[in-house]
Amino acid sequence: MAERDRLGRKTTAGGAWATRTVFGVLLLAAFLVPLALRGYWVRLLANVFMFGILAQGVNIIAGYCGYLALGNILFFGLGAYVTAVLMTHFGVPFPVAFAASGAGAVIFSAGIGLLILRLKGQYFLMATLALSELMREVISSLDITGGGRGLTLPMFTGGAATVNNFFYYLMLLLMLACTFCIWLIDRSYLGLAFKAIKFDEDAASVMGINPPPYKTAAWAISSLFTGFAGSAFAYWMGYIDPGVVFEITPSIKMYLMMVLGGAGTVWGPVAGALFIELVSELAWSRFMEYQFLIVGSILILTCLFTPKGLMDLVGKKFTWSLFTKGIRENKI
Amino acid sequence: MILQMIINGLLVGGLYASIGVSFSLVYGIMGIINLAQGTQIILGAYLTCAMVQFFHIDPFLTLPVSGFVLFCWGYAIQRCIINMVGKGGVVLTSLLTFGLNLVLINIILLIWNADFRGVNPAYAGKNFELFGATIPYVRLAVFFVAVVATVSLHWFLGHTQTGNAIHASAQNKRAAQIVGINIRHSYALTFAISSGLAGAMGTLYVILKPVSPFSGADLLMILFLVAVLGGLGNIPGALLGGVVMGLTDSFSVLCLGMQYQKIVLFLGFILVLIFLPRGFFGRRFYG
Amino acid sequence: MKGMIGIVVIVFSLVVLGCGSAGAQEAIKIGIIEPLTGPAAYDGQSVVEGARLAEEEINARGGVLGKQIRLVVEDGKADPAESVNAAEKLLVRDQVPVIMGAWASSATLAVMPVMKKNATPLLVETATSLKVTDPPSEWVYRICSNSAIDGQLMEKYLVPTLGFKKAAFMAANNDFGRAVVTFWSEAVKKKGGTVVLTEYHAPGEINFAPSLTKISTSGADSIIITSDIQTASNIIKQTYEMGLTKIKRLVTNGIPSEAIVKLAGVEASEGVLVHNYWVPFAPPKGQEAKNKQFMDKYTAKYPNKPVDKYAAFGYDGIRVIAQAIVTARAADPVKIKEALKKTKVDGLTGNIQFDDKNQARPYSSVSRIEKGKPKLVVRLN
Amino acid sequence: MKFLEGAGVSRYFGGLVAVNEVDFIVEKGEIFGLIGPNGAGKTTLLNMINGILPISAGKLYFQGQCLNGLKPHEITHLGIGRAFQIVRPFEGLTALQNVMVGGIFGSKPRKNTKEASRGAEEMLAFVGLSEKMNSQVAGLTIPDRKRLEVARALVMNPKLLLLDEVMSALNPKEVDAMMEMVTKVNSQGITVVMIEHVMRATMAICHRILVLHHGRRIAMDTPQEISQNEEVLKSYLGERFARMEAERRRTID
């Protein structure tokens, strides 16, 4: 018997059980990984989780709300620098700096969001790109941030394994928190409001939604988690400079992960991050000369054949027409 | 010095403008943000380097060839790949072009390796004085070619049948199809023109500056700024945008120093977006 | 649901596939982290190629401690996060007792804490940031130079010999560029010169005409250029276009003159001064045969590539490490660290021995490009 | 106090005048038609009423309150619902969720999701879409989409309903059904303003009609009068219609 959840989506009791079991096993496995694997693999997975957080960040603003914040790496850099400056110049302990990074990112995104979230689609996209470049340049020429020299953070105390495990669990928990937050949004009226804005902002406002506060909220949540990720990254690396934390490539990678996994789905971006990071790690270590070709081709094939992401394929029969569906729908 | 600064700004602004036009065109007609455009320019640059190396000819002579090669590439890629996701929205199309960008970089890497290339015609150091300002002949020539290319593109779109067909496909897809315009062909042609222009600009770019397979990223921000300042899809607007950007380059260095040049540029850009979201004279919104 | 499980299975089998690549080997492993892909790949590959020559040579002589040596190369992409991953891979998977790398200063600085935590020494071959050896870390040794040393050495020559009385700087706005400006400014000022203008640029900057106009009206008699190869050549090219060839131009920190000639052109680079470390065309007295031998071998193995300083530093780096393993009498990280302190190698890039900050002093010199060929002007030590 | 009143309402796009000093009054409880040739400014006028486009000049009043400068959602909360001409459902959502958006956000204070879900189901039943409640709107046919559009507007309990060509592209049978629905809605006390090209429907159910041409009001009257208005006949209903009308009148005379 098909039941419906609060937002009128069909759920079947049996399916929910299977899903819950698989997720439970995966979660347990994720928590146990540092016991079984060491060093490099823990680090690699922590990196995957970090990208999971970043991809979830863009998922909220772009996947749900339809606002393409291509320069979202801005908050990553901002979070990293808030932590670095507080820890090196003011001797603040990491937990406080971490919280301050999140707060800083939210304040910044909310403030600037009220101004630039009025811009439609592509103009917003470019404004965020320009903002992230602007932030990079400003940080490169300030004294307190070390300018282009970067900052060396106080070292994490503890042995090599402790460092890896600490950041592994930090990234894992952050990612789970972020995903939980999206899950809550997805099943509440907020999710409906975000999606309504994404599909047709004018129609949404005629239906009684006042878009600016919702958009700002979406961007603020997005920036909060991105800022946290930046903060953790800075402490993890121990050294940051503007070129490292404001690079544009990760920004595009986040979008790739989101689209590959499924934009506007709860778990899609995480799946995308896992897939892309592991595949590229293996492709890059084995087919060095062709790495861009491989990643580029994956990207093109994704856009052609699974434009709605891997999550869209879940629970469907694998047939040829499922794969050509994207082309049939999007072809001019 | 102020005159010299104005001339510097104008000369580099011409190149910025035509680079921006090639990007703006595709956006204006098809709504696609082509993230591969920077690397297409670099591909044009590499073609020029190769031709100069093999045939020992003047780099300016290679312009039609690199333009033509990129034109064909652009037509094929639009017809075979980009059209397949044409209706998929901005995220999908820009991710697709980013994928193309990576593939292009890899192709350049496989053919030419990762090291830098440049062409250096013997006349590069010739210049003349005008009211105390130095004007290098090469830069003047680059400026001239870039502006001619842009203006003739504008004329082509406004005054030829093909150009009108392209315009029609941009304004109303279905109506264009009804009057017998092959819309896939129009779109492919638009993309091809944009790529061809990019190839030609690659030739000019490499005359001024050495390139590596990754230099496309440096150009992407210029593309965005110029195209948005001029109003996306607006060719005369992009011309103005390029010149404004060139002048901003010059005067921010003069008044504040090079370190602050980018800050001025991006801050100015964001302010323009906030207060004049349709650029200097972008198209207006019709309900 | 089935699809989901399928994805999970694929991903995990990939993980397992990746895991099972390490095998037991008799040879002594030496880890190397270099950019093999991305914009810095060309230089990173040069280092690796130089290192491979050293590996072959040492193994041909019977290896060290009766065992062969084997280089394990990982791609750090000149990126801190990737380089740290690479280090972790080398330390955990391959259990290497010593690593050479990681090319870029930012990557090296990020790798350093990992080395300390794992108690394994790192030999730095190209990263110039002052922070690598200041404050010194007992686990980090450096064979290339840094800006403080360079500034000190240039003091005797910059104003007195080369006549840089009113110098202008055009430097990249990063750690490297700013360090050069700081120490070389001191060198100019101490000998009575003045610094008339300092302009920092972003990496990859395109248009230098405005800055050059400013410099030409500032009365500067010389420009000191500190940047990557591409940008430095671009600046040289634009000085030529603007007709500023009367102003002396000096490119710092070992950018090969051949690259400048190739990218900026023979005419534009006429008279440009180049500050270099290892220079193939003018080996120090008594080193000629050794240099020729190295260059011949390199050209034989990599015929399409000109030999550069990166290859030389890679070659020397591996020789220093091999020597340290011999002194340590064991492939043990802690013993190698101790041995490195005492190691002396008469290398191509300098007479290598480490001071109290674990810093070696490579040869350096200034050359002038004349008709596309560099000519030695002054040897700095 | 008039129910909905426009005084000298105008809208300019750059130099182009889309709506030119239009005065009109809609009485409470009536079905008010809005007709005119393409490009006459009908949709622009509706867009101004619910705030999507700002008013360039003139004033709009709804139950005595001035609408100038209000945001679309504020106008919605005053009790004005809108169905779009080019149906604009939220493509990624199901039919039920589409209607729920209106249910949740359409009134102030916001309704909770449970209530909204129930209300939405009822509304879908009213427009006859119960069976397709859980299908993605991308899969709906044009008539279904039009019904969904009306349901989305109705679920907000509007006092005034704006319908923009909800009958175009429907076959005669479907038009009849839609006409029936509109009159049913109206009989519940909801005032309707509708743009319609299907003259049969307009003439049959509208109480009064406003005719726009080149952004100007050329007539506002009962259907009867409108069908005999010389200017309307010439500019909108067309020469052929005019000749037919003249012929008809002559035979009657």
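Think of it as A, B, C and D in the order they're written, each chain with its own count starting at 1.
Assume a contact is a pair of C-beta atoms (placed from the backbone, for glycine too) under 8 Å apart; a residue touches a chain by one contact, two chains touch by 3 or more.
On a predicted model such as this, the values are computed, not experimentally measured, just so you know.
K.L.:
Comparing A-B against A-D, which pair counts more contacting C-beta pairs?
P.N.:
A-B
K.L.:
Taking each chain's centre as the average of its Cα atoms, which is closest to the average over all protein Cα atoms shown?
P.N.:
So the chain nearest the centre of the shown protein is A.
K.L.:
Hey, how far is the Cα centre of subunit B from the one of subunit D, in Å?
P.N.:
Once rounded, the distance between the two centres reads 46 Å.
K.L.:
Please compute the C-alpha centroid of subunit A, do the same for subunit B, then give the distance between them in whole Å.
P.N.:
31
K.L.:
Quick one: report the Å distance separating subunit C from subunit D, using the average Cα coordinate of each chain.
P.N.:
Distance between chain centres, rounded to whole Å: 72 Å.
K.L.:
Which subunit D residues sit where two or more other chains touch them?
P.N.:
If we look for residues of subunit D contacting two or more partner chains, we find 52.
K.L.:
Listing for subunit B: what residues touch at least two other chains?
P.N.:
217, 259, 262, in rising order.
K.L.:
Multi-chain contacts only, two chains or more: what residues does subunit C have there?
P.N.:
Answer for subunit C, listing residues that touch two or more other chains: 173, 200, 202.
K.L.:
Flag every residue of subunit A that touches subunit B in the complex, lowest number first.
P.N.:
62, 68, 115-116, 118-123, 125-127, 129-131, 133-134, 137-138, 140-141, 248, 252, 255-256, 259, 263, 289-293, 295-300, 302-304, 307, 326-327, 329-332
K.L.:
Tell me, which parts of subunit C touch subunit A in their complex?
P.N.:
Where subunit C meets subunit A, its residues are 1-5, 7-8, 11, 14-15, 17-19, 36-37, 75, 79-81, 84-85, 88-89, 91-93, 106, 109-110, 112-114, 116-118, 131, 172-175, 177-179, 200, 202-203.
K.L.:
For subunit C, which residues are in contact with subunit B within the complex?
P.N.:
Touch list, subunit C to subunit B: 38-39, 41-42, 45, 173, 199-202, 204-207, 209-211, 213-214, 217, 229-230, 233-234, 237, 240-243, 245, 259, 262-268.
K.L.:
For the complex, which residues does subunit A have touching subunit C?
P.N.:
Against subunit C, subunit A makes touches at 15, 18-19, 22, 26, 38-41, 43-44, 47, 137, 140-141, 147-150, 152, 155-156, 159-160, 163-164, 233, 237-241, 243-244, 271, 274-275, 278-279, 281-282, 284-285, 288, 291, 310, 313-316, 318.
K.L.:
How about subunit A: which of its residues touch subunit D in the complex?
P.N.:
Residue positions touching the partner: 4, 6-10, 188-189, 192-193, 195-196, 198-200, 202-210, 264.
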